[in-house]
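To keep things clear, I will list the structure first and then write my remarks on it.
For reference, chains read A, B, C, D, E and F in written order, and residue numbers begin at 1 within each chain.
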Amino acid sequence: MPVVRVTLIEGYPAETRRLLGERLTAAVRGTMAAPLEGITVAIEEVRPDNYMRGGTSRVPGAPSPDPQALVRGFLEAMEARDLDRASEYLAEGFVMTFPGGVSFSRPEELAAWAKGRYRFVRKTYEGFDTALGVEGATVFCFGTLSGEWPDGTAFSGVRFIDRFEVEAGKLTRQMVWNDLAETLHG
Amino acid sequence: MPVVRVTLIEGYPAETRRLLGERLTAAVRGTMAAPLEGITVAIEEVRPDNYMRGGTSRVPGAPSPDPQALVRGFLEAMEARDLDRASEYLAEGFVMTFPGGVSFSRPEELAAWAKGRYRFVRKTYEGFDTALGVEGATVFCFGTLSGEWPDGTAFSGVRFIDRFEVEAGKLTRQMVWNDLAETLHG
Amino acid sequence: MPVVRVTLIEGYPAETRRLLGERLTAAVRGTMAAPLEGITVAIEEVRPDNYMRGGTSRVPGAPSPDPQALVRGFLEAMEARDLDRASEYLAEGFVMTFPGGVSFSRPEELAAWAKGRYRFVRKTYEGFDTALGVEGATVFCFGTLSGEWPDGTAFSGVRFIDRFEVEAGKLTRQMVWNDLAETLHG
Amino acid sequence: MPVVRVTLIEGYPAETRRLLGERLTAAVRGTMAAPLEGITVAIEEVRPDNYMRGGTSRVPGAPSPDPQALVRGFLEAMEARDLDRASEYLAEGFVMTFPGGVSFSRPEELAAWAKGRYRFVRKTYEGFDTALGVEGATVFCFGTLSGEWPDGTAFSGVRFIDRFEVEAGKLTRQMVWNDLAETLHG
Amino acid sequence: MPVVRVTLIEGYPAETRRLLGERLTAAVRGTMAAPLEGITVAIEEVRPDNYMRGGTSRVPGAPSPDPQALVRGFLEAMEARDLDRASEYLAEGFVMTFPGGVSFSRPEELAAWAKGRYRFVRKTYEGFDTALGVEGATVFCFGTLSGEWPDGTAFSGVRFIDRFEVEAGKLTRQMVWNDLAETLHG
Amino acid sequence: MPVVRVTLIEGYPAETRRLLGERLTAAVRGTMAAPLEGITVAIEEVRPDNYMRGGTSRVPGAPSPDPQALVRGFLEAMEARDLDRASEYLAEGFVMTFPGGVSFSRPEELAAWAKGRYRFVRKTYEGFDTALGVEGATVFCFGTLSGEWPDGTAFSGVRFIDRFEVEAGKLTRQMVWNDLAETLHG
């Protein structure tokens, strides 16, 4: 039954406001046993010249780049082997860890290492999840891998999950688990 | 700079209200590029007799069982091999999927299958993540496994991640990835 | 001195919002001894895409057909002897009760019974009152009747009052009192 | 789906706040086709020292004497033939009108006139309705009369309705309709 | 950290709303040790037909003539020796008091008296201050005087301050202090 | 007719809230021609654990030392010739300016200079005014001086006004005007 009202400076795109409404609803829903239909969210927009902080009018801030969209962008660049574009998504100090605990800090290192493991790999996504935190977000994607082993044999349906930490619009960490070893030896 | 106000019936425990405040803050934070210090959340409690829906006074609903707490409870019961208690956390239709795509619907099935794989296994958690959705929540935990192989050899530091779907206070799905195969054959 | 604020989805006609403002004012006025000038009502409209219930955007509901307008419509149809149109205003189970406790459930029955009582009758309204309840509304109209007795003699100025119960846009009950017997025999 | 919030000075009795909540709900319900369960009313009480009008703190006004309670009080005094107490409910200029259009301005006049009509009369109430207006309220009560004719014969089940206008805590007008003539001559 | 929200009828000019926002910010700032950046003011405008007081729609009131603007207008008229225009700024009962405690109630009296003191005088303003009160405002201006003594000698840089009481759009009192005597004899 | 609502963390003293209410009223009053009785201010207090900024609960800030109280404190210390205590009210860079444009930065300098001008002086206050600004406040006091000239002759009723600039709880500037020269030579 809770009612959530947000005072916002006018000017955010509809998609940003829709996402905000959904996420505020989810925040209530995950915390108290209110029936979904009983959660009301109203966004009250005020014109920039009707909003002051510290005695000064404000314009709306930029919509935050959606954490999930960042992760999708990075994954697409990696799959297209556009390593320069992929690198733009990464924060200083980014680390990616793969099965067996192998770690890299740059897409180029991963590409070099992968060469000995498979000719190519493609991801089919079953789902994405985004965990929002006060300091940043964590994004997960899972599904199956398909591709070719170094000897040209095809594989598919290999389970995987990726976990990404996102802060201030950049990826700071990627963790990867999959069933490649299981498939190879299982 | 957004201001979020929530009208709530008086009576929710402090911890529930603290979680709610944090999650509403995270919902804003993940959607617009507002500086963290600029996000204000105020919970306005009204006495039950000052709150009416449909012309009838209401009492506060139960705090929702925290999705992460449910997952921790289930994992503890499983580690303690208390399969009855573990089963209480599971919804009708629950499915758990393990590396290689092996699936079970009851803890007993998992226990039987695991016997041939390791003597015992213990989880050390590096972190938990909760992704709140309008319909339910997804909880992730990751870290390392340690235990003994069937022949008594010890293993440790084996990477794992679990993904749980939670709906209406019950677990509906568990997905598991780990490096056991990698460790065994890698 | 009370301040009433209503959060409403944008799109209700001005007349609906005017009626709402007046009725909220009357609700306060009838309950606490606030001076009329001290009761403030502000309707805060939010755009449909800024309003969510259960995580889903909503459009404004239809303005409710005004209970008094329904009653007037029924009375006009009856006076015009348009019994089909009159019947459309009536809910399943409608009952009308007349002086002496005579009851009918269909306009046709009333018309047949009235034939022996007067050639025709016309209502002059002094006033209408609407009592709003949580479950439905009660509408009253009162004034005087004029017409002709079966023998052609005219009568006028005969006091009457009707009481109508209205629920979900239909009339469920009509009760009639008047001075016809008083006039005839008084 | 509308949300109604009322800012009120702390201190009104629970019954007054309950009535207010119900009437605000009814005001919305009677004006727009919102499902009853979708109408939320929250009364936000502020301490007297947190409320200022014109720069001056205020104490809560008196709860308004409920119009229906006033009418019941008057009717009880009349039935008990306590004409002095009954008179205290009446505003300057009060007029009561009875079947046949007979009018009185004081309870004593009614009592004198009634003597020739019946030995005594008692009301059994089927219901009360209150129509709230910005300027005042109208209260209706209806049911059946029982009593004795001047010759000692008993009567009962005689339909009646009373309409009262209430303003500023006093009754300003009473209008009465009943089936006594119908019963006598019908 | 306080959040101030004002419900206002739509239609006030931007400058009036800007001033209002600034003054509300200053009111908070002068009363509690909140960091300036932590004070949020949001003006929530409602359309005139969404605002009712006493059950009647309202149009926005006139913006109040700014007290400081009134004082500036009066001072300009005085400096231009347009005594008629200057008089229009003055309330019934206006009194002006000068160094030595000399008092006048009309600009003409001041002009006559000043003739023996200097040929002319001009004000250079260093600043204006406005103290807002519930009943009215007090406006101060200070800076330096320049002009000519009766003998034609020039003077300049003579410190002065004026204090004006403003009520209901008119000046009710002026008090003047300056260093003319100090300059003459110092 | 404007309604001002302030969301405040619970815990500010009643006097601070009273001052806040009065000053918000004055801010509205000085900006728009609303009748004083039509300005409503409601302070909505939320418990510290119901208030979060940046995802962290907050306690109420200190009430700001009232600018006028600071000025009174300084003036009392000066009159009591307690120069140490007086100095505590002063900000780094404080400057005081007296008739004739004489300036000092420390109370001791003023005391030394004053010795040649009067044996002692005492202030009788007619009034205090406080002009609140976004960056700081300006406080004025005016009234009359009495005391003794160096030769022991008494004086009294000498008009004066002081203007103080206050920022962050300290006095940054004092400006003094009075009729002492006028009195001496007038």
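Operating definition for what follows: a contact is a pair of C-beta atoms (placed from the backbone, for glycine too) under 8 Å apart; a residue touches a chain by one contact, two chains touch by 3 or more.
Model, not experiment: these values are computed from the prediction.
Q: Can you list every chain that touches chain E and also touches chain F?
A: Joint contacts, listed by label: A, B, C, D.
Q: When chain A meets its copy chain C, do both sides use mostly the same residue numbers (more than half shared) or mostly different ones?
A: Under half of the interface numbering overlaps between copies: different.
Q: So which chain is farthest from chain D, going by the mean of the CA atoms in each chain?
A: If we average the C-alpha coordinates per chain, A ends up farthest from chain D.
Q: So what's the Cα centroid distance for chain A and chain E, whole Å?
A: 57
Q: What is the distance, in whole Å, between the centres of chain C and chain D, each centre taken as the mean of its C-alpha atoms?
A: The mean C-alpha positions of chain C and chain D differ by 19 Å.
Q: Spell out, as numbers or ranges, the residues of chain E touching 2 or more other chains.
A: 1, 3, 5, 7, 22, 25-26, 29, 36, 38, 40, 42, 44, 51, 53-55, 134, in rising order.
Q: Taking touching chains as linked, do they make an open path (line), a single closed cycle (ring), a hub with spokes (star), an all-linked set (complete), or other?
A: Chain contacts: complete, every pair touches.
Q: Using the touch definition from the top, list the residues of chain B that touch chain A in their complex.
A: 1-9, 12, 16, 19-20, 22-34, 36, 38, 51, 53, 58, 60-67, 97, 99-101, 129-135, 137-138, 140, 142, 157, 159-161, 163, 169, 175, 177-179, 181-186
Q: Quick check: in the complex, which residue numbers of chain D touch chain F?
A: My answer: residues 7, 44, 46-47, 49-55, 57.
Q: In their shared complex, at which residues does chain D touch chain E?
A: Against chain E, the touching part of chain D is residues 54-55, 134.
Q: Note which residues of chain B are touching chain E in the complex, please.
A: 1, 3, 40, 42
Q: Which residues of chain E touch chain A once you look at their complex with the stated criterion?
A: Its residues touching chain A are 3, 5, 14, 17-18, 21-22, 25-26, 29, 36-45.
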